[in-house]
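In what follows, subunit A forms one complex with subunit B and a second complex with subunit C.
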Partner chain A sequence: MTARAAPAPLPPATTVGVLGWLRKNLFSSRGSGIVTVLLAVLLGWVVVNLGIWVLVEADWTVIISRAPLYIVGLYPYEGYSRLAICLLLISVLLGMSWRAWPGPARRFAFAFGAVMLFVGVFPHEMAPEHRALLLLNLPFIGLGYVLTPRPAAANPGRLEAIAGGALAPALERIAIFSTPRRMVIAAFVALVLIMILILGIAGVPGLDPVNPADLGGLMINLLLAFFGIVCSLPIGIGLALGRRSNLPILRVACVIFIEVIRGVPLITLLFMSRHILPLTFPEELNIDRVYLAGITITIFSSAYMAENVRGGMAAVQAGQTEAAQALGLRGWQTTLLITLPQGLRNIIPAIVGQFISLFKDTSLVYFIGMLDLVEMGRVSVQGNQEFIDNGREVYLFIALVFWVFCFSMSFISRRIEGALGVGRR
Partner chain B sequence: MTRLLYVQGVPIWRNVVALRWAVQIVSAVVVLSTIALFLLNVAREIEARDIPFGFTFLDRAAQIPIGEAVIPYQPSDSYLYGLVVAGLNTVRASVLGVILATAIGILIGVARLSPNWLLSRIALVYIEVFRNIPLIVQLLFWLTIVLTLPKVAEGYVFADTVFINNSGLYLPWFEAQDGFWPWALITAIGLALAVYAFRRLTRRETETGQQSYPLLAAAVIAIGLSLVALLILGPLAIDIPRIEGRFGRLQGGAQLSGSFMALLVGLVVYTSAFIAEIVRAGIQSVGKGQTEAARSVGLSGMLTLRHVTFPQALRVIIPPLISQFLNLTKNSSLAAAIGYPDLVSVANTMTQIAPAISLFMIVMVSYLSMSLLYSLIGNLYNRTIRFKGA
Partner chain C sequence: MAESNGVQSAVEIPADKAEILARPLEERDDIVVCENVHKWFDDFCAVRDVSMRVKRGEVVVIFGPSGSGKSTFIRMINRLEEHQQGRIVIDGIEMTNDVRNLDAIRREVGMVFQQFNLFPHITVLGNITLAPQRVRHLPRSEAEALAMRLLERVGIPEQAQKYPAELSGGQQQRVAIARALAMQPQIMLFDEPTSALDPEMIKEVLDAMRELAATGMTMLCVTHEMGFAREVADRMAFFDEGALVELGPPDQIFNNPQEDRTKMFLDQIL
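Up next, the complex of A and B:
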C-alpha cells in the first residue's frame, strides 16, 4: 500500500475583519445563511414601505395642528409660560444629576436638551416667548451642572480641563448643592414649585388657578405616574411591614388588601373609585376626577410596591438580622435600621420598572373621563370628521411618545442596577 | 391593689407575654374599627344619597344586546346570564391569547439567543418595541388597521374558504354530527392511553438507555385512534363560511369579529414580548457547564435542549410565565375600549340601568377567582418541581 499524500488542507476561514464577522454571525452554517437572507429581504421590505408611508403617504397635520392638546390637554393658553418655567426647573434638576452622576444622567440631559432645541426651532405656529422659554432650557441645564460640585470620585470633566486652575475656585464657590441633603431639598422645592405653577393659587397675579379637570395630555400621564409612585412608596412600605408582622389580624388585613388589588384589573378599580370614593367624602365637597384617578392609582401602585418591598427585604441576608439582634437591637430597630434600608436598596430597579408600568397604566384613566394623551388621540380621530382616516398617524405618534419615555427609563434602570452593584455586594 | 398587677414578682407592664397580647389586641381593634368605619360610612352614604344597591336585579331581563357570544344569548335573558356570557367572552379571549402568546413568546425568546446576529437583533427590537407601548394604544392601532380593511363584498378571500374583511375573520369550522359524543369518548381514551405509553416508554428509556421514542409512540396512539374513529363514525362536518342573502352577509363557519381580532393581536403581541424575555432569562439561567457536560456525554444539540437545558429552564420560566398569563387575563378587560363585549365592557353597559357598585363587585370577584385559579396552578407546579430530598 502506498501512502497517498493527504490533500493540502484548506486555509482556515477568516475570523477577523468585516468578512470574518459576517461569516461568524450571519453565515455560520447553511441554515443560518438562509435565515439571514430571508430576514434581510423581509426587513428591507418593511423599512422601505414604512419609510414611504411615514415620509410621503401619511398626513401629519392631525399631529402638528393639535400638538398642544396632546402635550398639555385643555390647559389654558395663558398658562403655557408657567408650564415652560416648570420645564426650566426640571432642566436645572437634570443638570444637577448630570454632574453628580455623570454616566446615564448625561444622556438623559442631552436627550432632554435636544428635544427642547428641536421643538424650539421647529417651524410651526408658536409664540416667540414660548420659543425663547424652551430654548432657555439649554443654559438652565448648564446652570444646574455648574451649581453642583464634582463628585469626589469622578475625574475632572472636560470643562475643568479647559478652564484650568483659574476658574476652579470660582466654580467651587458657586457650587451650592454640595451635599446630597441639599440636592434632595432642591429637588423637593422644585417639585412644590412645579405643582404651584401648574395648578396656580387663587388671588396671586399671574398664577390664576387652573381647573384640575383641564389638565390633560402627556402632562397628566406623567404627573399621575410620578405622584402614584412617590405616594405609594410609604404606603407600600407600611403594607409590606404589616404583611411581615406577627400581629395576625393586621397581617391578614394587609394580605387581603394586597392580593385583592393585585388580582383585579386597574380598570375595575377606576370604575369602583368613581362610584365609591366620593361616598367617603362629604357630599358638598365635589371632588375632581383628577384626584380620584390619583388616589386610585396610588392605591393600585401601593399593593405592587408592597410586594416589591417585601421581596427586597426577604433578600436581605439572615445574618444581618442576627447580627442586629446580637448587638441588642429591638425588633422594630432591626427592621427600621437594618432590614428596611438594605431591602429598599435592593428594589430600586424594581421601582423604576414599576414606574414604567404605572406610566403605561395611566393611559387607562380615560375610563373615568380624563383626557390623557391616549384619549386626546382617540378624540382627535373619532371626534373630527376631517381626521377620521388619520387613526394610524395618531396612534403611531402616541406609541412613539410612550415608547421613548418607557425605553429610556428602562435603559436608565439597567444602569442603576449596575451602579448600585445589586447582586454583587 | 398593686399586688394584683405583679406576676411572679414582675409588673404586668413589663411581662413579655402580657405585652404581646396587649399589642395584638390593640392592633386588632385598630384594624377592625378602621375597616368597619369605612364600610359603615359607605353604607350610610349609599342609603342617604339613595344610590341603588343590591343584587335582586340579577334575575331580571337584561335587555342589553351582546355583539358576540359563545353560548346562545338574547336580550330577554337575565342579567346573571348576560354576565356569564360576557365572562365566557373574557375566557375565550384569555385562553386563545395565552396559547398564542406562549407559542410566539417562546419563538421570540429562543430567537433572541440565536447565534445569528440579525435574527437575535430583530427579536430584540420586537421585544423592546412592543413591551414599551401601552396595550391600549396598541389595541386602538390594531382596531384602526382592522377597520381600514375592505368591505365584505371586496374583502380578501383565500381558497374560497377563509374570508378577511372589515367585519372580521371567517374560518371554516367543524359542525358536530350524530356520532360526535362516541368519537369524543374514543379520543379521550386514546389520549389517556397515549399519556400512559409516554410515561412507560420514558421510564424504560431512562432506566435501560434503549431508544424508545416515547413522544412518537404517544402521538401515533392518540392521533391514530382518533383518526380511525373519525373515519368510521363521521362525527364532524366542516362548515365553510359563505356570502348569503340580499345584503351579502357572511354565514357559517367560525366568525372572529374585528374587535376580537384586534384584541387578540394586541394581547398576544404585547404579552409575547414579556414572555420572550422570561424565556430568554430562563434559558440563560441554566449554567453553561450543563450544556457542555451533556454534549460531552454524547447528546446531540436537540437532545441536550430537550433533556438537559429545557427541564432546568422550566423551573425558572414557569412562575413568572403564570403571572404573565394572569396579566393577560386582566389586560383583556381593555376590550371595553375597542368594543369587544367582555366582562368589564358588558358590566359597564349594564350600569346604565342596574346598580353600578353591585355589578362591579361581581366583576371584581370574577377576576379575583380567575387570579386565584392561576395562583393555585402556580403553587401546584411549585410543589411538583421542588427538589426532592432537599
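Up next, the complex of A and C:
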C-alpha cells in the first residue's frame, strides 16, 4: 500500500472565480443583494454628477494661475530655483530608497517622477530654467538608484542583469551608499542642505536669506509636519520612558507635561505660543512665528506620542523583561534593547495615525497668521473678485493634495507593518 | 549522578566539572543554600519556611500541585521574586539588595521559562549573543562562535538566522536553553520547560536537558515529567501549599514516600 493520500477534491464551481466572489461578497442573501444594488445606484449617481462637474463645469484656471502660491506661498520668485534644487535632492533620496527597498519605494519614486514630468511639460507660464530643473528630477532619481548597491535579496539586481552583467563591476564601484549608516548620513546631509537652500544664508551669493514669514503654501505644511514628526518621536519616547521611570520627580514631571498638553486644543497652544509666551522673552529676542509653530506642533504631538509609546511598551509581555533580567541585563539595557523596540513595533499604526493627524493639524497655523495651503486657498478665493466663485475647485484641490500625502503615509505604514511582521510573535 | 553519567554525551565535560563529578554528591560543596525562606504576595504566603541545599552538579526536580509555590521558589534563586525572610546564598554570594551581588548571581544562574520568552524582534543568533555581548562584553565574533557551538549542541545550528516565530515550540525552547547557556552559568533553573509544548516536541527538549545534566550542570527543574525525574534527578523536592514537604532521591519519592501528601499527589498524577 502506498502512503499517498487521494488527491484533494476540488471546491464546487459556484464558490470560486468571479461568480463565486460575487455570490459570496455581494449577493449572499436577498437582503444583501438589495443593499448592493441600491448602493451601486447611489454611488453611480454621485460619481457621474461629480465627474460631469469636475470635467465640464468646474473652472480650474484658479488652480493653475495660483499654483505657486499654493505650493510655496509668498516665497520670493528669485529663490524658486533653490527650491527646485531641493526637489533634486529629494529625487536622489527617492532613487536610493527605490533601490534599497524596491517594492513600496519604487511607487513613490514613480509617482514623484510622474508629477515632476507633468508639471515640467504642462503648458502654463513657467520660466524655462524652472522647467529644466523640474525635468532634471527624472535623471536624478536614476542617479540615486545607481549610487546605491542592490539589496542582498535581489541577486542579480535588475540593473546588473542588463547587458548580461557587463555593467555589474562598474555599478559596484560607484555604489557609494553601500551601508545603512551611509544612507542615513546622506539623508541627513540632504535635509541640512534643503534647510539651507530654503532659508538661505546671509552673505552667501545666490543664497540670500528668505524671511521665514514668507514661507507658505503646501511647503510650510510639509516642513512643519516633517519637523514635527522627526522631533516628536524621540521626545515622545523620552516622555514615555520618563513616565515609566522609578524616579518620582521625573515621573510626575512627565505625567504633568503629558496631561496638560493633551488637555488643551492645539489651536490654544498655537495662540499662546504666539501671543503669551513672547511676553516672557527678553525684548530683543524675536522668534519668528514659523519656529514657534514648529515647536508648538512638536510639543503637542510629543505628548500624544508619549502615550502611544507607553501603551505599546505596556503591551510587551512581562516574560520578556524577566528573560532579560535573568540574563543579567540591567534595567536600562532591558528597556532599550527589549521593551522599547517591541513596544514601538506594536504601535506602528498608531504612530503613523499620529503623523497623519499632525500633518492635517499643520493647517491650523492660519490662526497665528501663517499662509499655509488651506489659508492660501481661502485668501486666493475671498481676496480676489475674479475667483470668488471658485471656492469648490480650490478646496477640492486642497483636499486631494492632503489625501495624497496622508494616503501615502498609511500605505508606507502598512508595508512597514508587513515587513516587520506585526501581529505575529 | 549514577544514572545521568550513563547517558552517552557528545559534549566534552570540562576538566574542573569532571573533577567535581568524579566525587560523590556528599563530598561536594553546596552551590545553592536556602535557609528558612519565606515569600508573601500581599497576605498570601506563597513560600513558607523552605530550607534546601543543592550540591554542585546536582539535579533537583521540583514538583507539586499548581499554586504550591514551586515556581516562586526557583524564581527567588535569581531574584525574579524577592524573598522576604530567610537567607539565600548562591555559590558563596549572599542574595541581598546590593546590585553588585545581584549582577554576580544573575551571571551564575541561567533560566529557562515555560513560555520560552525568546525576544521576538531579533534572530535566534541575536537572542543568544545579546547578553554575552552586553553583559559579559564578549566581542561580537566570539559571541557568535559561542552561539553557533551552543546551537549545534542543542541540534539546530541551521536555524541561526531565523526569527523565533519561525521555529516550532520545541526548537524555540532549545534556543532558550542555548541562550541561557551562553552566559556560561553555574546553575540552570527550568520553570516547567515542557508544559507549553505539544507532546511530540517534549522529548527533544528533555533530551537537551538530559545532555546538559550529563555535563555536570547544577539544575533545578520544576517539571511534571516524572520519567525524566526518575532517570535524571539526583533528588526530588515535593512542594505543597508553599512548603517543602519532602526532599529525597527519586527511589524514595516513587517507591517509599515518607509523607502522605507526596504519596497522594503521586497517586493522582501517575
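In this text, the second predicted complex is superposed on the first by the 378 of 425 C-alpha atoms of A that agree within 3 Å, B and C clash if a C-alpha of one lies under 4 Å from a C-alpha of the other, contacts with A are read in each partner's own complex, and residues count from 1 in each chain.
Please note the rule applied: a residue touches a chain if its C-beta (ideal position, glycine included) is under 8 Å from a C-beta of that chain, and two chains touch if they have at least 3 such contacts.
Quick caveat, the model's predicted, so the values are computed rather than measured.
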- Task: Of the two partners subunit B and subunit C, indicate the one touching more residues belonging to subunit A.
- Result: B
- Examine A:342 and indicate which partner it touches, taking first as subunit B and second as subunit C; both and neither are also allowed. second
- Message: So in the superposed three-chain picture, is A:32 touching just subunit B, just subunit C, both, or none of them (first/second/both/neither)?
- Response: first
- Query: So, does A:49 touch the first partner subunit B, the second partner subunit C, both, or neither?
  - Reply: neither
- Which of subunit B and subunit C A:406 touches, first, second, both or neither: first
- Message: Just to be sure I read the superposition right, which of the two partners does A:328 touch: subunit B = first, subunit C = second, or both, or neither?
- Response: second
- Partner chain(s) touched by A:384 [first = subunit B, second = subunit C, both, neither]: neither
- Task: Mind working out whether A:249 is in touch with subunit B, subunit C, both or neither, as first, second, both or neither?
- Result: first
- Query: Which residues, counting only subunit A, touch subunit B once they are in their complex?
  - Reply: 25-26, 28, 32, 35-36, 39-40, 43, 247-250, 253, 260, 262-265, 267-268, 271-272, 275-276, 279-280, 283, 356, 360-361, 363-364, 366-367, 374, 377-378, 381, 389, 391-392, 395-396, 398-399, 402-403, 406-407, 410
- Message: Residue numbers of subunit B touching subunit A in their complex, please.
- Response: 23-24, 27-28, 31-32, 35, 38, 41-42, 45-46, 49, 51, 115-119, 122, 128-129, 132-138, 140-141, 144-145, 147-148, 330-331, 333-334, 336-337, 344, 348, 356-357, 360, 363-364, 367-368, 371-372
- Note on the structure: Counting only contacts in the complex, subunit A reaches subunit C at residues 317, 319-320, 322-329, 333, 337-338, 341-342, 345, 421, 424-425
- Item | In the complex, subunit C residues that touch subunit A | 78-80, 103, 106-107, 109-111, 113, 115, 117-121, 130-131, 134-135, 163-165, 176, 179-180, 183, 189
